[in-house]
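Structures given as structure tokens follow.
Presented sequentially are two complexes of chain A, the first with chain B as partner and the second with chain C.
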Partner chain A sequence: MDRKLQIPRVPQDGPPKAGPAVSLADIGVGLAILAAVAVIAFNVHSNMLAAGIRPGFAFLTQQAGFDLSETLIPYGANDSYLRAILAGLANTVVVAAASLVIASLAGLLLGLLSVSASPAARFFALAYVELFRNLPKILVLLIIFVTAVNGLPAIRQALVLGPFTISNRAIYLPWLSQDPRNTLWLLASLFLVCALIWLWARHATRRQALTGRRMAVLPVALALCVAVPTVLAIALSAPLGLSWPALAGFSVEGGAALSIQFCTVAVALGLYHGAQIAEVLRGGIEAVPKGQIEAAAALGLKGGQTNRLVIMPQVLRTVVPPLNNQFANLLKNTSISIAVGYSDLMSVAGTAINQTFRPLETMLITMSIYLLLCLVLTGVLNHWSAGTRAREGRGER
Partner chain B sequence: MLRSYLAAALACAASLAITSHAQAGPVFDDVVSGGKLVCLVSPSAPGFSVPDSAGIFQGFNADFCRMAAAAILGDASKADIRGIGFSDSLKSLVSRQAHMASRSVTETGTRSADPGLAFVATTFYDGQGFMVPKALGVKSAAELKGATICAEDGSTTLLNIADWFAAQGLSYKVENIADKTARLQAFFAGKCDAYASDMTALAADRRLAKNPDDYELLPEIISAEPLTLVTQPDETLEKAVRWAFQVMLNADELGINSTNVDATIADLDKQPKAVQRLFAKDGAAADMAAKMKLPADWAYQVIKQVGSYGEVFDRHLGPATPFKLTREGSQNASTSNGGLMYAYPIR
Partner chain C sequence: MSGVTQSIGSGRFSAWLLRQLSRPGASFLSLASGGLVLAILWTVADWLVLSAVPPLADPAACAEAAGACWPFWMEKSRFILFGTYPFDEQWRPMLVSLLLLGLSIATGQMAVSGRWPDMRLFAGLWLAGMAASFALMGGGILGLVTVDATRWNGLPILLILSTIALALALPVGVLLALARYQTRHRLLHRAAGAYVEIMRGVPMVTLLFVGVFVLPLTLPKGMAIDPIVAVPIALVFFHAAYFAEDVRSGLIALPVGQQEAASSLGLGFWQSARLVLLPQAIERAMPALVNSTIGAYKDTSLVVILGLHDLSATARMAFSDVAWGNQALEAYAFVGVWFLISCSYLSWIGRRLAARAAQGRNRSV
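Moving on to the complex of A and B:
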């Protein structure tokens, strides 16, 4: 008998007791899985020993000996494999974050277009979604990369557009001059502004729940964006000078560079997953009963308010599980970066395997890192969606 | 390794007890009893191993598979040549799925130390170099300070560049692109200043440019890439492959090839002593064959069915091919011509 169909007794004191947490069948299946994993592990281990390979992770401290096209943490050929893998991880996280933003924005825009009243907009959204979800993403990436490399000017004919210098190597822009105080200022400002805005928004929500009065959030957020960096700049006495990109020798020195491979990976994944996210959102929006919108209109809510207060909360509740799936896929799909020379985790791991002949250990590390990243990402999203459900009194927290 | 060797030794001992023929290596025996030699090549390396219209691999590397089959089985067509990627080919050898690999594997210390691999004979001395657009105005790699270099992701190329630029005290940037099309497009479109790879690969890749004459190879060779035949560790098999290759080098020195070998043998008495040692029924090569359990006429079969070293080189890579490589002046010339191809005495 399916436990889900049981009608709970009305409790006298406290919630109904859950059924037995684990059944005998659960234990049996669990043991079988464990046994299978143990057999595989033992088999692999003994085969490796038979082939004269001693499994171990000592190679991680050896010198890697290869350079990477770009890194966010300081890294050179003299650093260890461990540091190379960390540099690859940082690159993966950053390109995933950039793709995620592009994909979410594209998905939101196209999702809204696909349910809009205008037939032209609906057709555009449909065409976009069908195009991008029916092409292999590696092909999309290669087409964008080859087009960008051939279409953008070479470094010596770089296009200067105001503060930007655009070439087929990278897009260069002025950036804070190299100074540890500047880096500290940037990171501290970013963290403090985000934290303070979050605290204030939480406070405002609680006040509204208690008093029914809405408090200003946007003006406070804007004020924080200006005030916090200013105060910190004075407190840290950061020089805040700008470094401008300029052609020197074979390449451009100074400023900051967004490499073409970074941009193409972010755009390719953003467009590809944007199409998928748009479909998820369309499904979520169409699932909201029409009566809800009519009820909102009857209450006198304006269009924007109806979207924000009535439709979106219900959409978010239904789309978070499939969105989770999209975001996890996007994170893993950053591994196509290897094709166009963006040194992500997969690219570094591949080179490490070829040099050390330690495929099993390196793959274990790589898999664990991707698993951990995906679990953290989906964990955060689930936590957040549990929060949205709890506000409607449906979920558990 | 020890445990599996013990098992193999036990198995051999068991078979010896019954049949009691002289023990050759277990891998060698497997080739002879199976009647075919499984040999791994690169699935697509122009000039070195490319499948023809019938799906049979042709090329410089593929011919060394045929050499081994001709020497051991007396029939070059008994080489079972399979195309497989680089890392997989070494794994296949270690896990005993193939007898040998002829796929431009660079012999390095750590690879050679692997107990699952035996590096046997260097068939080609390659080295890493740079290709640049002529418009860059660079005549030597030493002028590449601060340049951006395109190279294959995951390859030894990346390590050689890092070592070389560090030794020269020059700064550089690398673009480690895995996809070959993306990499070449990036280079031809000027995203990279220079393209680094093995000289043979550069010669082949240059032809893919819209206008190959706009590009040139810089003279510096910054790494040693001895491309070497690899077998499963088995002393008998290693000896057979090593000396079959020496037969090809000796024939090259003596000016004997697949077209003139029959005429040479027809009047063997008038030939120099070295030629007689190679082909006579009571010559040194025949004596070796008895000791190594090879067909008595193995040297003849190698030359007749495959050819001398120079013949194989010219057939697939020489001036008459699109690669236009010349042995003279390169490390692949014979020692008498200033190269590294040294014919050991067969006597």
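Moving on to the complex of A and C:
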């Protein structure tokens, strides 16, 4: 009778259990990844040598030899591939920023329309959202592009609307005259105004937390917006003349040109993501329980106060994560501008691949840049929106 | 009697008027957006009907007309659908399109009704459908004329790329989700997580470039890969990451007790995943999965950038025909209508599934 009670071993394969530091499967996975990388590296190496190309990133310093239709940073065909990629990156960032502004405005307007009291406005918002949700973005871009190219006048019959000159090649607007001091003035003013306003706002918030007294933020910000550029203009002795676009033969001289490719990409992505942002906002606003609004009314809050103090914080809490996601998507989607010939990062990479036949190196660089851009954008957005997140209990910020 | 009705009627009207006057903002909004809707409808109707060239008119009239060119649609619809595929053989792409559409709609209806057949049979049908599509398009067997892949154009390309990529990406995505969900094998967990995050951080266009330009380099010397094969592979790698994230969110939403109950019943990891976790997780993730599917289907049209001729590329070829002036808007509108119809069907599935999920939650609470 000394037989022990046999208890069958229960298999412990449950995922949440923390197993040993390194399991057999892990070793297998690691070896498989290493083997795959080794095989791929060997194949790529031998294929590239067979084509007479030495793998490596040295080509970045070689002369690129192709021109870009528009660049923000100085770039010419004699510059290196690295500079071409940087020029493409700058174009990507600018077009993303422009379409982000358009998308936010369109999304905000349509989101508010879709919860408004007016049935016609709700119908309009619904139809807009449904239309853009059911069309591919590249089709939206192509439709807007062909409509703009066919519908706008040629450059010699360019439409002059106040300060703007509109043709199917570009939209021209008056801009600071070509002078390094002007550029410096513009960049320095922008940076200083933003930095000073941010510092002041932080200071005001801390003061309020310490003393309970609210300090003026808006008047100070406005004063800074006027004072800093004035002081800088005098200090730099910038001429600050405006250069006006004027028709000269087959082109427009002076001013700044926004190419039709840039405008259509910005508008197409703005409208496309505007629909998605509107949908996010509508969901967020509708998720606020009616009782909250009634309770605010019962407390005697006015309409504006209800919106600002009761509804907005709750809406922000639900919409900020998907909105951040939308902005990251928008940034990635600027890569479709290659389809209309806007020189963004992706189209520079495409040209570089065709010229150098180094797809691996070029794509590694391009994808890393996009990944980094996305990480930076979501990081910044998450940092900014940290205050809107649900704060459980009495935690401080 | 009639006096009474009238007073009620006018009372209603005056109440309505009072309400409108008491909130001028909303009334103004109604007027403005109503006007905008009417203006847009009028523009569309004017373009489509009033100033359009009727279908059987002389195509030459299209050059001057302000409206749509119906003869262009009559003449070019077939070209936009099937492109430069040999004209006499175009029953083959049509059959392929119908086959893939049929399989997709059958899958959609099963998802809506919630009744799935035996999974092995179902997967077998899909694989057979894919193989049949490639065989029919390419020819070279059963006495079919061989057709080069560069002449596979239009609708069948869109359907082949999207359905094949999605059908293969879903199982890969599920495996990735499980790899990231489990924490026992840490390297596997980390590797799956890194893969998913990297894929979700780069644009799809870059993946298409990798498929077309980098993938051939990674093959052993002497092996070549056609873009028509390389692009679906790249798409599977890309979409799988999105599907994985959807399924993982479903897995995370499951109560821990489910996993513990499965373990205490003596089920191993694979058994508990197959029998307990995944069915519930996928049901929860269904609306998100449908959303990803719609996005992926729409994004398939990006292959035009790589020179594969899907609908928007054949549309461009159609309006570039010099005999026809510039009917770009007509051509793209045709493609747009196709996407509106097909995506509306997918959205309808998504709404039905979301409604059912909400119902189920209410029942269980």
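Operating definition for what follows: the second predicted complex is superposed on the first by the 320 of 397 C-alpha atoms of A that agree within 3 Å, B and C clash if a C-alpha of one lies under 4 Å from a C-alpha of the other, contacts with A are read in each partner's own complex, and residues count from 1 in each chain.
Simple rule for what comes next: a contact is a pair of C-beta atoms (placed from the backbone, for glycine too) under 8 Å apart; a residue touches a chain by one contact, two chains touch by 3 or more.
All values reported here derive from a predicted model rather than from experimental measurement.
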item: Partner chain(s) touched by A:W384 [first = chain B, second = chain C, both, neither]; value: neither
item: Contacts of A:T351 with chain B and chain C, given as first, second, both or neither; value: first
item: Partner chain in contact with A:S251 - chain B first, chain C second, else both or neither; value: first
item: Which superposed partner A:W198 touches (first chain B, second chain C, both, neither); value: neither
item: Comparing the two partners chain B and chain C, which touches a greater set of residues in chain A; value: C
item: First, second, both or neither for A:R169, with chain B first and chain C second; value: first
item: Which superposed partner A:I260 touches (first chain B, second chain C, both, neither); value: first
item: Touching partner for A:I338 - first (chain B), second (chain C), both, neither; value: both
item: Contacts of A:L142 with chain B and chain C, given as first, second, both or neither; value: both
item: Touching partner for A:A50 - first (chain B), second (chain C), both, neither; value: both
item: Touching both chain B and chain C, residues of chain A; value: 50, 142, 146, 150, 338-339, 350, 353, 359
item: Touch list for chain A against partner chain B, complex; value: 49-52, 65-69, 77, 142, 145-146, 149-150, 154-155, 168-169, 248-251, 260-261, 338-341, 343, 347, 350-351, 353-355, 357, 359
item: Residue ranges of chain A touching chain C (in the complex, touch as defined); value: 10-19, 21-23, 25-26, 29-30, 33, 40, 43-44, 46-48, 50, 113, 116-121, 123-124, 127, 130-131, 133-139, 142-143, 146-147, 150, 328, 332-336, 338-339, 346, 349-350, 353, 359-360, 363, 366-367, 370-371, 374-375
item: Interfacial residue positions of chain C with respect to chain A in the complex; value: 23, 26-27, 29-34, 36-37, 181-188, 191, 198, 201-206, 209-210, 213-214, 217-221, 256, 259-260, 262-264, 266-269, 272, 294, 298-302, 304-305, 312, 316, 326, 328-329, 332-333, 335-336, 339-340, 343-344, 347
item: Of chain B, residues touching chain A in the complex; value: 1, 3-4, 86-87, 90-91, 94-95, 110-111, 114-116, 144-148, 150, 153-156, 158-159, 161-163, 166, 172-179, 181-183, 185-186, 189-191, 193
